[in-house]
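In the two complexes below, subunit A is the common chain; its partner is subunit B in one and subunit C in the other.
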Partner chain A sequence: MADIRTIGVGNPGVKSSSFNSTSFQKKTRSKLLSIPGTRPSVQNGQLLVSTGVTSLDFLLGGGLAVGAVLLIEEDRYDSYSRMILKYFLAEGVVCQHELFLASAQDSPDDILKELPSPIMDDVAIPKPMEQPRLSSDPQDSLEAMKIAWRYQNLPKVQSTLTSSSRFGHYYDVSKTMEAEIQQAAKCHRFYLPDHPNQTAPTHSPMLESYSALLKSLQEVIQKEGFEVSKSRNILRIGLHSLGSSLWGDDLCCCDNPKHAHALTTFLYGLRALLRSSLAVAVVTVPSHLIQNRALMGRIAKLCDTAIALESFKGSEMETNPLYKDYHGLLHVRQVPHLNCLASQFPDHRDLAFKLKRKQFSIERLHLPPDLSETVSRVSRVELPGAASTASVCGLSTSANKHLDF
Partner chain B sequence: MFTELNSILNTSPDKITQGELIVISERRCDASFLIHHFLSFYLRARCKVCFLGLVQSFSHYSAVSQRLGVSLVQAKEKGQLVFLEGLQESIAHLIPHEGKAGSDALNFIRDPTRGLQSLFELVRDSCGGPAAALGPEEEWGAPVLLVDDLSVLLSLGVSVGAVLDFSHYCRATVCSQLQGNVVTLVHCEEEEDDADDEGAEQLLRGLTHQCTLTLQVQGLPTGYCRDIHGQMEVCWTRRQPDGQQRLKKLFQYKVYDKGASFFARGTSSAVL
Partner chain C sequence: MLLELLQGGDSGGFLLIQDTANYSGRHLLKSFINAALRRDEEVHVFCFETSEEELKEGFQEVQRLHIHNAYEDPLGWTKKAVFTVQQFSLNDLTRVIKLTPHQKTPIVVIDSLSWVLRHVCTTAVCSTLHQLKKGGFVRAIIGLLHADMHQKGTVGSVRHLSTSLITVTPSIMGDNCQAKITKRTKSGKVLQDEHTFSIKEDLTVMLLKSSNTAPQQMVQEEHEIDPTANLTFNLRLSDKEREAKEKLSLPFMFSKEKKKAILHSGANLGRILYEPDANDDFDQEDPDDDLDV
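So, the complex of A and B:
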């Protein structure tokens, strides 16, 4: 694990607080590693990056740890998991990280064209309550303000994203990212059909497609200099739909797959590469196609963080009135504890998500209050899924004016 | 080192039992805090430790051990700790380059049918090294082998038989011959009767048959709880002729930042 605990939390106001109420400042060590788009975790000083979805960051304890792998178990039609992958890559573009995108199904260029557009106007709007600070570029010609002279010393509104030091941004899903912004980011692509099978005679359990991917990843990390000692930037790796048949794997097709250990060996190698470099990976796996639950458990164990998405589209839960505000359920399968003894699981395990235009929100699922006048004993609905911790719940859908005597 | 666990197991750094095979089994949860406990415990007891850290990097173990009061870096320098960092060494085998061979111990990654012989040779050389190799002023105690974790070898394609052979060889060398201890971690997925996880269940059954102490860790059967992270069943399989056979005890635990606390069922501090 990249031990970035040399970052002293020099400014205790990392998260908020425009009021400097204390003069306490932790002594910063001399080796400060400050990369845009990252921040140290409050729990153990680990370097975190944003996933692009602020509510997911909060769920994972502040963000995704650098050097770790996030596994997303895809929903049935791969709509929301793909959305999260795009948020992740878009966040990388905005924070000026480098990207690596691998896919067997769609060309990486197509995925990159669909990245959501960042919302620019929630960046650095100066509040009049703030203590006056020096303006960011002193070389600007100071036109003395005659009327609004109280605002003279406040920083100018910055509409470009490059100087944004915010952690986590918001994106507008209805628009795609403008081409100039997207092309400004450096992206390495791995499209499986471009890499024909080189039959190497090995007894390794890993498939050629995964070997080629691992080799390509290592080349990028070494050539672009993402190793811990040398790096000044983060590499964001997005691997789409690993384990599906298009990668040559038969995990999703057979009950007893021949290549049972191909994906697990690849994930082990991915973890090995990531622990020694400043990179983060998001891997999506079509887990609903994998019959062997134990194998899915092994795959999750080899990744650090694991979440599963279950969308309501096309299932009977779509019409369930309890779920009418949401698009699907989100299950947190695993939370890592890197460099510390205990992991911080989120307090609430019944979570549902909703993709709004400007936000992917993850909320705690709770029952609405029962507002009917009668106790609706007749209209009881059995709730499937994670929310059925209470065995049977009553829903006040129709006001059954049953007068029970 | 967790003092409560020491009193449960009736050991202390001054008085360790020898010739033990301890198996930690985790079922759909994470019991690596026990590995950290045993690592810091045996280092404090001045044993010579050979640690096969196959799933995490050295800096992770080092950071956690620092919180438990033991410095892995110093132990490595003094020669008390031999650490095999599985992740780093495996890269050379997973992405073969001409000219760079990588250490032999992990050559099963390239060809899992070969078995774990080279890994065993590493263990044997580091645990059974002659006393003359150590400095004249330091005299370490019994050798201890710690493996974290054994079931990742199954994920890398090694067969169950090969892993059981490896553990048998290690036990014969370290426990019987050198009068040391072996601590391994095995991860299982589903419940016992499920046919899905054949490999790991077989491995666990084989190891439980050979071992002297098992610590079975699993989550609470009623689901996730913030104050009680799970339950641990301690089972002594072999005792002195005067003691009882097969003593079992059940505890619940909670893992903190710098340790873990173990308590009898129903006596969690959140409840009382």
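So, the complex of A and C:
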């Protein structure tokens, strides 16, 4: 059927094979754009791009929708949020998208120099999720478990989040991207100290820095032609640490900031710009500095997808044995529902991330079995203590008799 | 890590000493200045909170120490102020620093940032510090901040800018002081450390005890011991015993058809599967037949 053929254009074998979905393919009459590095979503036909981190793609329902904004709430020392921004930009370079990077703290050239290098040969291939063995040979499946045979057909616990179809690329964090590959990609830069003190329109609640940024974005989109009707490529926008004091915003400094509406107005304008063009934006905000939680809620509502990173470094959770395999927790605050009624929230809410050399993995946090010796026995030290305090209770006589079976 | 910071290895950094009313960080600040002077560096101090004489106390070599006195008239009420708070901007600072000629790029010490933050808005201070750090005119910036004088957001914003942060608190015993150090390396790694130290008369730092940064490993490694060895009774199985064990039919082990039916029983609900047990007397006759009712 001609229609089903067009869906598989970007990635062969896009037929969904995750456990919950069916093999139903929606018939679409419209011609789908075939831009390298994108694929249509299997849930609602939206055009998706990869964020550069395959586990994050899986979490967000296949990838980041084109025309949407991803908000990352930074961790305390801005190490992992910066890493995700770099992954996003590196993915853009590899897929030959155009980049736009804006920063007030570090020069965009410095950030671009630190992009991780892509792993060209597919060494780290994720294992596909295990299919339930409903239709397999009954002999084999029933011999597998002798006593607990009722549990045979349940899927095994899959802690790493992967999907079976490869979409993104893998990057090696210990090496930086070679200069040739990086220079092949077109990158527009916006470094705030280069745009000093422009006069903002007086009626706008937006700050001058944000107005300048928005204007620059608008120029790039118009000049390079990223509007939906005439575009053949995607623009990836990375905005680093918006809302911090270096942008001139006192959102992070005061409990009642004067410029309470500056960032929210900017995000509103950004989203309007993105909806009418083929662009994706990733915005990082130092939310740990923002004292007013209502403002943070407003900022999250104005972006489409919002995740928060919480790193264990420096907090007391670093020494907790529960968290010793991971570098931090990841909270999914908001998932968009674009052109559909319900959003695809991830099944598991307690997620932890770990930055390995070749992969940024996001896993479900589950309690390991407690193998210590005193796990389920009443501690014998406590009983004599209880006996001394409880004078005439029945406990005192039987305190010394430990019932052992 | 405190001693490494005192040696002042990396350039282009912003070291922030954060103190509270319980313990003043000025002694530590002076020991940093002392260490820099010992290394023959040019030090420019902008002092807002102490007088020049009080600051110069305790230093031996003062020819490389340039003090910009903002203590006498910080807000410029008399027209003869040496340095005012309003001059805390990139252009004025670099102009003032460039007035004195020197061979090496200087180190700028600000005592204290809290004073500046009370009179100039936080965003301006942050952007000045950031530009000073990036500008290349100064080698390093050391600032003192009183954390209890400002809102949490302000303190957080200045801390966010710093490459190294030392938080001083009084230690439990005596006059010593405890310092928690967080350092951000250029590669993005974050290192942390904790020290107890005291400062001697000649402004050198003496470390008393530094606690381990690595958490105590509570999990002891358990060696794999075979639990079935060294017992007075036998816990192992011989081959014949293993066969007999596998032949044993357990109470809820069903035949293959019944298992399959139970596992895939989505389609045909309501089917009753009965397998007679060994003890069951499966008699097809209705026991109510011989009732005479």
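Note that the second predicted complex is superposed on the first by the 299 of 405 C-alpha atoms of A that agree within 3 Å, B and C clash if a C-alpha of one lies under 4 Å from a C-alpha of the other, contacts with A are read in each partner's own complex, and residues count from 1 in each chain.
We take it that contacts are C-beta pairs under 8 Å (C-beta built on N, C-alpha and C of every residue); 3 or more make two chains touch, one makes a residue touch a chain.
Here the structure is a predicted model, which means the values were calculated and not measured.
When the shared chain is aligned, subunit B comes close enough to touch A:301, but subunit C does not. By the document's definition of touching, neither partner reaches A:58: not subunit B, not subunit C. When the two structures are aligned on the shared chain, A:254 is found in touch with subunit C, with no touch to subunit B. Of the two partner chains, subunit C is the only one that A:150 touches; subunit B does not reach it. After overlaying the two complexes on the shared chain, residue contacts for A:214 are found with subunit B alone; subunit C is out of touch. Legend: residue contacts after superposition of the two complexes on their common chain; A:345 is shown touching subunit B, with no touch to subunit C.
With the contact threshold set out at the top, not one residue of subunit A is in contact with subunit B in one structure and with subunit C in the other.
Partner subunit A is touched in their complex by these residues of subunit B: 28, 30, 33, 36, 56-57, 59-60, 63-64, 67-68, 87-88, 90-91, 94-96, 109-113, 151-152, 154-157, 187, 189-190, 194, 196-197, 200, 223-224, 226, 229, 255-260. Within the complex formed with subunit B, the subunit A residues making contact are 1-3, 5, 202-206, 211, 214-215, 218, 261, 264-265, 268-269, 271-273, 275-276, 292-295, 297-298, 301-302, 337-343, 345, 347, 349, 389.
Contacts from subunit C toward subunit A in the complex involve residues 121-123, 126-127, 130-131, 134, 151-154, 156-157, 160-161, 182, 184, 188-190, 192, 215-216, 218-219, 250, 253, 256, 259-260, 262-264.
The part of subunit A that touches subunit C in the complex is made up of residues 77-79, 82, 105, 134, 138-139, 142, 146-147, 149-150, 152-153, 193, 244-246, 248-250, 252-255, 286, 288-291, 313-314, 318-319, 321.
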